[in-house]
Structure formats: C-alpha cells, structure tokens
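A single structure is presented below for examination.
A, B, C and D label the chains in the order they appear, each numbered from 1.
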Amino acid sequence: MSWTADEMMSVAAARALRDDTACFVGIGLPSTAANLARRTHAPNLVLIYESGTIGAKPGRLPLSIGDGVLAETAETVVGVPEVFNYWLQPGRIETGFLGAAQIDRFGNINTTVIGPDYQHPKVRLPGAGGAPEIAASCRQVIVIVRQSRRTFVERVDFVTSFGYGSGPGDRERLGLTGRGPVLVITDLGVLEPDPRTRELTLTSLHPGVTVERAREATGWELAVAAEVATTAPPTALELETLRALEAADKEDQ
Amino acid sequence: MAEIVSLPEAVAELVRDGDTIALEGFTHLIPVAAGHEIIRQRRRDLTLVRMTPDIVYDQMIGAGCARKLVFSWGGNPGVGSLHRFRDAIENGWPAPLEIEEHSHAGMANRYVAAASGLPFAVLRGYVGTDLQAHTPTVKPITCPFTGEVLTAVPALQLDAAIVHAQRADRDGNVQMWGITGVQKEAVLAARRSLVTVEEVVDELDLRPDAVVLPSWTVRWVAEVPGGAHPSYAQGYYDRDNAYYRAWDPISRDRDAFTEWLSAHVLDRQGDG
Amino acid sequence: MAEIVSLPEAVAELVRDGDTIALEGFTHLIPVAAGHEIIRQRRRDLTLVRMTPDIVYDQMIGAGCARKLVFSWGGNPGVGSLHRFRDAIENGWPAPLEIEEHSHAGMANRYVAAASGLPFAVLRGYVGTDLQAHTPTVKPITCPFTGEVLTAVPALQLDAAIVHAQRADRDGNVQMWGITGVQKEAVLAARRSLVTVEEVVDELDLRPDAVVLPSWTVRWVAEVPGGAHPSYAQGYYDRDNAYYRAWDPISRDRDAFTEWLSAHVLDRQGDG
Amino acid sequence: MSWTADEMMSVAAARALRDDTACFVGIGLPSTAANLARRTHAPNLVLIYESGTIGAKPGRLPLSIGDGVLAETAETVVGVPEVFNYWLQPGRIETGFLGAAQIDRFGNINTTVIGPDYQHPKVRLPGAGGAPEIAASCRQVIVIVRQSRRTFVERVDFVTSFGYGSGPGDRERLGLTGRGPVLVITDLGVLEPDPRTRELTLTSLHPGVTVERAREATGWELAVAAEVATTAPPTALELETLRALEAADKEDQ
C-alpha cells in the first residue's frame, strides 16, 4: 500500500499521542492526527478544543475548532474563559498540538506576520489564537508542520509561541512550567530538541527520505543525530482510517 | 427590560460612528445578519472587537466600516486567510486598519474583567512572545502575596455588543446553548447590547443547559431567522462550510468583493 | 483516572493530620458522610476550608479535628449559631480554633485563582470593613492601566478537596447538577480529591446541564448513597430541615454533643 | 384584622421593593419580605440568592439561600463565583437586602462578633457571607432589623458591612459605587439617612408606636424627622399572603 508524505506525517504525529492523556488540539493537521490517534491506538485520548469542548469524540473531522459535532459529542462544554483559565493554564493538559507558519532551530513558532516589519508585514497571518498559552502551559508540545526553507527558518519573523527561546535555560528563566516542544513532526521526518543544546535535531526520517533532502528543506545548518532512525511506514489500518476520515471530510464539502 | 424591535431599528439605535463594538460568536452563533445591517447603515470608524474575526468582519473591514481591530485570531477557519483583513493591513485598502493583537486567553480574560466590573484581569500569558513588545495593553503585574510576576490585560470596555442566540421570549429573556464562547461576557461587558435570535417564542421551555441572558441584561432583541448563517445555530441549521470555502476566491479580489457586497448586502434588506 | 474505592479507604489515603482540606457544598450536596469518616479516623490539626461551614464542620470542630478554620459564613442556615464552632472560638473547647475570615466574594475568588493556577485573585471587596485589619490575606492591588486600587486575595491551595455529587460512571467521570457552588473549583484547586456520589452507574445519561468532572481530574470516587444528608441531593432526596433544627439543642451542650458523636458517628461504620 | 410588629415590619419592607427590579436577597427576614413583595405588588421582582439562583420564584419560603426550590424555579442557576463577579460586583443589582446583629447611626452593620476583642469575642456571630460586597455594590441597600438598644448601638463592635462610615463623603472617598443604606425598616418604624449628615433619621412610625418608644429602643440620641409619617397598616391581602407564606414554612418544619 503506497502513501503520500502528508499521510506519513499525520500517521507519525498520531502515533506520538499516548492513550489516556489529554490533548489540546489546534485545527488542521493537529486535529486530523489527534482524531486518527483516537481511532487507532489511543481510544481514550481526551481531545480538548479551545471552543470549550472537552472530551469531544467527533465522528468526522471538524472544519473549525467550534463545529457542532464537537459540542454534541463532548463530555462537557465549558465557556472559552474557563477552558483557558481552569483547564489549560494550570498545566492539567499533557500535550499541546500546534502547527506553524515559521519555526526556528529552537522550536519558536511564528503564526503572526511574514516580514521584518510588524506594522507593514509582507504577509499578515491569522495570529496567535490559543497558541502562546498552549505552548507555555501544556506539559509538552508537539508541532506538526511541512518542512521547507520557507517554514524552517534561521530566525522567525515574530515569536508567536515560545519554544526554547535562544537555548537552554530560557524557559526556566521565564518561569514556564511546560517542557516545551518535544517533537517536531514533518512530511520528511521527526526532529527532537537536543537534551543539552535544545536545538532541534533530526532523529528520524520517513521511509525513502534522505538526510540530504531534509537538509535542503531546512533554513539553517540542520543538526542530525548520530543514529537516525527510519519511521515505521503507515500500517494498512492507519492508512485506511486516515483516508476514511479525510473522505468523510471531503464529502462534507 | 429588553425591547423587541426589527434588526434595522436595533442597529440604528445601537451602533454609532466611532463606537467600540463586538459581534461575538465562537464559530457557533455568529451574528452575521447584524454585521450586514451595520454595513448597510454605512457605519464608519468603528473599533471592531472579537476573538476570532472571520468572514463577517472581513466583509465589514472590506466595506470600510472599521478604523481598528482588536482580536486574537483572524482567519477563515479551516480554509485560510481573511483577504479583506489582509488587504487592509498589508495595503491599506479600502482604508488603513489599526490593530491591537492579543492571544485568546488574553482576550477571554479581558471580556471577563469587563463583565465583572474590574479594570483588568490577571493571567499566565504572552510569556516570551513578541506580542508583549507590540501590544501596549499587555503589562506585568506582581502578586502581592508571593512576589511572582504575571501578566495583566485591561478590561474590554464596549459601547455595544451583538450576539446571536437560539431563542427569546416576548419579554426579551434569551436562551442560547451549545458552544457559547464569550457571548455572555460580551453582553455583560457592553453599555448597550443587541441579541438577534432564531425565533421569539411565547414561552421558553426549560433548558437547564442553556446560557440565559435575563431580559434586564439586554437592551434590544431582534428576531432574525438564519441570522447566524453561514455559521450555525445548534438545533436550527448546520454550518455552511461551502460558503466559507466560496468566500476565499471572492475575497481575494477587490472587484469581485465589491460586486458581491452590492449584490448580497447593500442592495438587500434586513434579511442579512 | 479516578479510582473507585470505599469511603474509609478513600479518606485514609486522602486526609493526613495537618492537611489543609475543603469539604465544599453550598447548602446542596454537602459531603457530610465523608466528614464523619474523617472524625472516625481521628484526623487532627486540620485546616478546614469552606465558604459556609455548617453542621458537618461544627461536628468536626467539636470532635477536635480542626486547628484552623478558613471561612466566610459560619452558621446553621435558617436556624442560628453553630455552637461547637462558637464554643471553640469563645472558650477554646475542645481546643482553640484559629480563624481566617473572608467574605463570600473573596473566598469564591480564592477558589477560582487556585483552580486557575494563579497565586491570587482581584476583586472589589472588603472596602471599609474591619476584615481588612484582621485578615492578613487581604491586600490592596493597583491596576497597572488605570491606577485604581482594588483588593487582592491569595489562591486557596488545598492538600485535599471532598465534594458530593449525584452520579459517576465506572471510569470515575462525575456529574453534578442543581446548585453546584464552588465544588468544581475546589476539586480543581486541590492536590488530591475525593468525590462521594449517590450512585455509580454503568453509563452516564446525557445531562447537558450537569457540571462534569472528567475522571482524569479526580483522584478517588466513593459510592455513598445519602452521603449528603442532612443536606440534599437534587433528584435523590430533599433537605432534612428538621435535622438542622434538631442540631441546635444537641450542639448547645458539650455532653449532649459528645453523646451524639459517639452514638451517631464514632460507633458507626462508613454509612455516615 | 390585627397584626404583630414583625408582620408590620415584613410588610413595610416588602412595600419598599419596586417591581421590575433585581434584589439580592439574604436569608431570614429579607427573604420573607422579598417573597411577600413578589406575591403582592411586585410580581416581576427578580430575586437573586448568593447560591447562584437568579430569578428564583420559590413557591414557599426557603430555609436556606440554597434550597432546591430556588434552583428548580430560577431563570438561571450560575456558579457562586459568577453570581458575585458578573452579577453583583458590576452594580447590576438594584437592591441589596440585609439583616444586622448590630447597626450604628450611619448604617454600618456588624454580623461578625459581639465584644471589643475580635480574637476573644463575647459572642461569635456567623460572619460576613455576601454582605460586605452586597452593601458595597448594590445600587441601594435596604436593612430590615428589629429595633432595640442591643442592636441599635452607638458604635458597632465590628464593621462587617460598610454603610456611611463616619458620615458624608466616606463612601465616595472609598470609591464605593452603590448609594448605601437608603432605608432601615424595623418593627417600630422606618429610618432614612439624612441627605446632609447621612445620620439615620426616624421618618415613619408603625401604627401605635410612639417616638418615645423608638428612642428607648435606640442606643444613641435618635434623630427624628420634622414630619414623622405613620406607616399605612398592613392590608388584608398583605397579611393573608404573608401568613400563608409563613404557614407553608411551618408545615415544612
């Protein structure tokens, strides 16, 4: 069974979510991967969306973080202030699942503006949403993003969500309780922060992808682990489940 | 006690040029018809406040109603950019748009502070981000007991708030259920408020799960069936995802947008 | 994930001598049986926290479990005084009772701050009252935007919280409805928590009006039918107003109380 | 039809509540009077109890501020933090309705301790409850209390709820938004703050009560208005309604 790089990325991201944990889910790729996880190895994964739906079990992929299917299938629906104050802020949620428009070698994320001038951006992006506090307060953060020189940049134009800042000790200095980004999963492979330097390091490549290719798709001198694993290819079950999810989504369009 | 009036009457009374207003709705129950009425009444220099400005704010910005936007996420959910919002910020069309940018947690707490009659709210937020440098309404605050430094944001003082709900009775008591976001806070934060509803009924049946706005907390109620379209009203109609997708090409092009605006908003009456 | 255990097991694990604990319940759903189990297990030097300490706290104080009380209203609702509470404060019997006294608004916000992972909360409170002079956990705080001076109170950090709810399923997901006071906040504010429930069911039917505590936010669940008596459990039984009135003469007299305590608490098992 | 002084007090207090306004109700005498008002001239009086029940329409008198009948008949039930933060604090509520163990000539109320030493009180009272913020934030406060030298004291032993402090300007200095106590209704008559001095002044006597009697029941030199009105006696309807309410309450015992 063959698959696309995007499918491999979603499958790898889904696998990273442990069962019986809570996950604060952003829309798009994170939502796809989280729902895939719940349908495969993590049936008791608790999905929390910023619309206040806690323990949602959507039958199909929501197009937005506030689709009716989330409220109708949730264990409980709380107000937006409560989901941020009572649920996210105290660090009750294991995993924060984020995307990115730009990411740097220390896992700092930009979803605000492209270009050096905030007041006159080349491209105005949607902005922060819940991401800054998700990145700060979840016990760990997983980033899912397609890898390219446009996205993987030496320096993000704007720090929307804080990763490791400029390296070791920055999170601690700022009093951030969450561990920060522990995995960056792309269409090419998986990057993890070096335990010492906190720099994102290539630790796994998806089947058929070379280190060279990953280097070309990275806007900085990419650090590579001594031992680079090869991601296990998607199983038939994973692919079928993912495709069923996305098919239902297409229909809905 | 809330007065039950038509949408055009309500908007005429509610919104004045230069006002700071919020049309809230978190994906669900977005008061789109009221936004279109504001466009029709040619309001100008508005400061538009909303956590998640989406299509209706894109339309109001493109129509030239807004001087400033206070927000935390400005996109077309699940689709992509808001092109009128981008055109205003990137190219100043149809007019420059000043922005005041926050995170969701910050905006939600700014509504809570205003609804609570407090001048500010405290949260763990914005830490390490560039928002602190670009948004003057984010300041540090020290805990008087532990000495810990946290983040303060000011209350969102609104001249007017508009939300959409499922139902009201003839006395103007409002019921909304499902995802209700910060709508209650927005209404309680505003000097004047309008709730558009799917239907006005003689008697509200008991819905212990509903968020209730008693008549005495609301200024005007207007019956506007379908008033949340293309967003959804749980129990009434689903989200029109096709509309959100169709908006992308329309909004990318100034002429296509201008044409759409005349055909679908300006030349129509209060049916949104 | 919450573990479903017996009341004696849960209390043995949950409460340690010297702990700061809250048994919350605002007239409705007061975890009385759990309080009696704490008395039976002879816990000592507890700091008891509650907005409205009533009969069960009167009993725990009279039984000598408490070193300190943090509260905002200590009475027998609709009847009068809590005589064990008064005897402890006025005469130091059975032991002196240290008190930390707040208003309801202050206590509620202290729970909210703790549930929110913040070290303090801000409110308009205590202004002009003598509480400011006698309660060191009330301090002024200045708004960094307007310069206005408001009141700050510290978060209520709890070692343990106990609340009573109508139902839980076998996974430990909890539903409570009706007047739910600050119970959710108390559980979210505590390091360890116990929810006693009227019944454990195979499947929780949908109650969109219920306050839900997902299993992963609770440490232990114990099935204790009638565990809120003499307070009430909406949908199960009414408030036993006669018991509240009967408590007055019993609690006025040390011997009558001591006798009552042996007969109705110490010599009985986990049936509350 | 004859009546007791307590009945006259409850009736006079009920009359003071305007229809179509919201009233934050304490338990006991205030709750009786508020429910009487709702059954007579003020059917649209909105009763708010600190348990979070808004717009409660109890069929019988609740014994506590959290009786089930309040939740079951309320327009909406909100959490306790919300009732204080969203509803009381911003000054949305017209009337705060309080009792007192001690009250002084400036309407300051004590419900905390009797005796000069807070640490070792002669009598320990229940304490503040919601009263300090009700007295501060409601647009106006009405006090209902039986009049005696034990209760009407020159100086309260403890200021639990702030009235006019030591006279004109104190509320304004403290930035209190509510007007403060506008009526003190007793079993003997009605007192109102003098517009200039803020001192509680006898403005009305219940039928059969003399100024002398009111003076004897007051622990300070009672100010008496130039024109002292006589309270209109309870109507048959008022008495029957009140007695029906209290009878139902007795049964319930």
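Simple rule for what comes next: a residue touches a chain if its C-beta (ideal position, glycine included) is under 8 Å from a C-beta of that chain, and two chains touch if they have at least 3 such contacts.
Keep in mind the model is a prediction, meaning the values are calculated, not measured.
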{"item": "Partner chains that subunit A and subunit C have in common", "value": "B"}
{"item": "Distance between the centres, which are taken as Cα means, of subunit C and subunit B, whole angstrom", "value": "39"}
{"item": "Intercentroid distance (Cα basis), subunit D paired with subunit C, Å", "value": "28"}
{"item": "Geometric centre distance via CA averages, subunit D-subunit A, whole Å", "value": "57"}
{"item": "Set of subunit B residues in contact with two or more other chains", "value": "112, 117-118, 123-124, 148, 184-185, 208"}
{"item": "Junction residues of subunit A - those touching two or more other chains", "value": "77, 85, 89, 137"}
{"item": "Chains grouped in pairs wherever the two touch, ordered by label", "value": "A-B, A-C, B-C, B-D, C-D"}
{"item": "Subunit C residues touching subunit A - in the complex, by the definition given at the top", "value": "1, 112, 115-118, 173, 184-185, 188, 208, 210-212, 214, 216-217"}
{"item": "Sites on subunit D touched by subunit B in the complex", "value": "20, 22, 46, 54-55, 75-77, 85-86, 89-92, 137"}
{"item": "Subunit C contact footprint on subunit B (complex, rising order)", "value": "117-124, 137, 139-141, 143-146, 148, 150, 152, 154, 177, 208-209"}
{"item": "Complex contacts: residues of subunit D adjacent to subunit C", "value": "27-28, 50-53, 62-68, 70-72, 77, 79-81, 84-85, 88-89, 112, 118, 120-133, 136-137, 158-162, 165, 170-171, 174-176, 252-253"}
{"item": "List of subunit B residues in touch with subunit A within their complex", "value": "26-28, 51-52, 71-75, 77-79, 81-82, 85-86, 89-90, 101-105, 108-109, 111-112, 123-131, 134, 148-149, 178-182, 184-185, 232, 234, 238-239, 241-242, 244-245"}
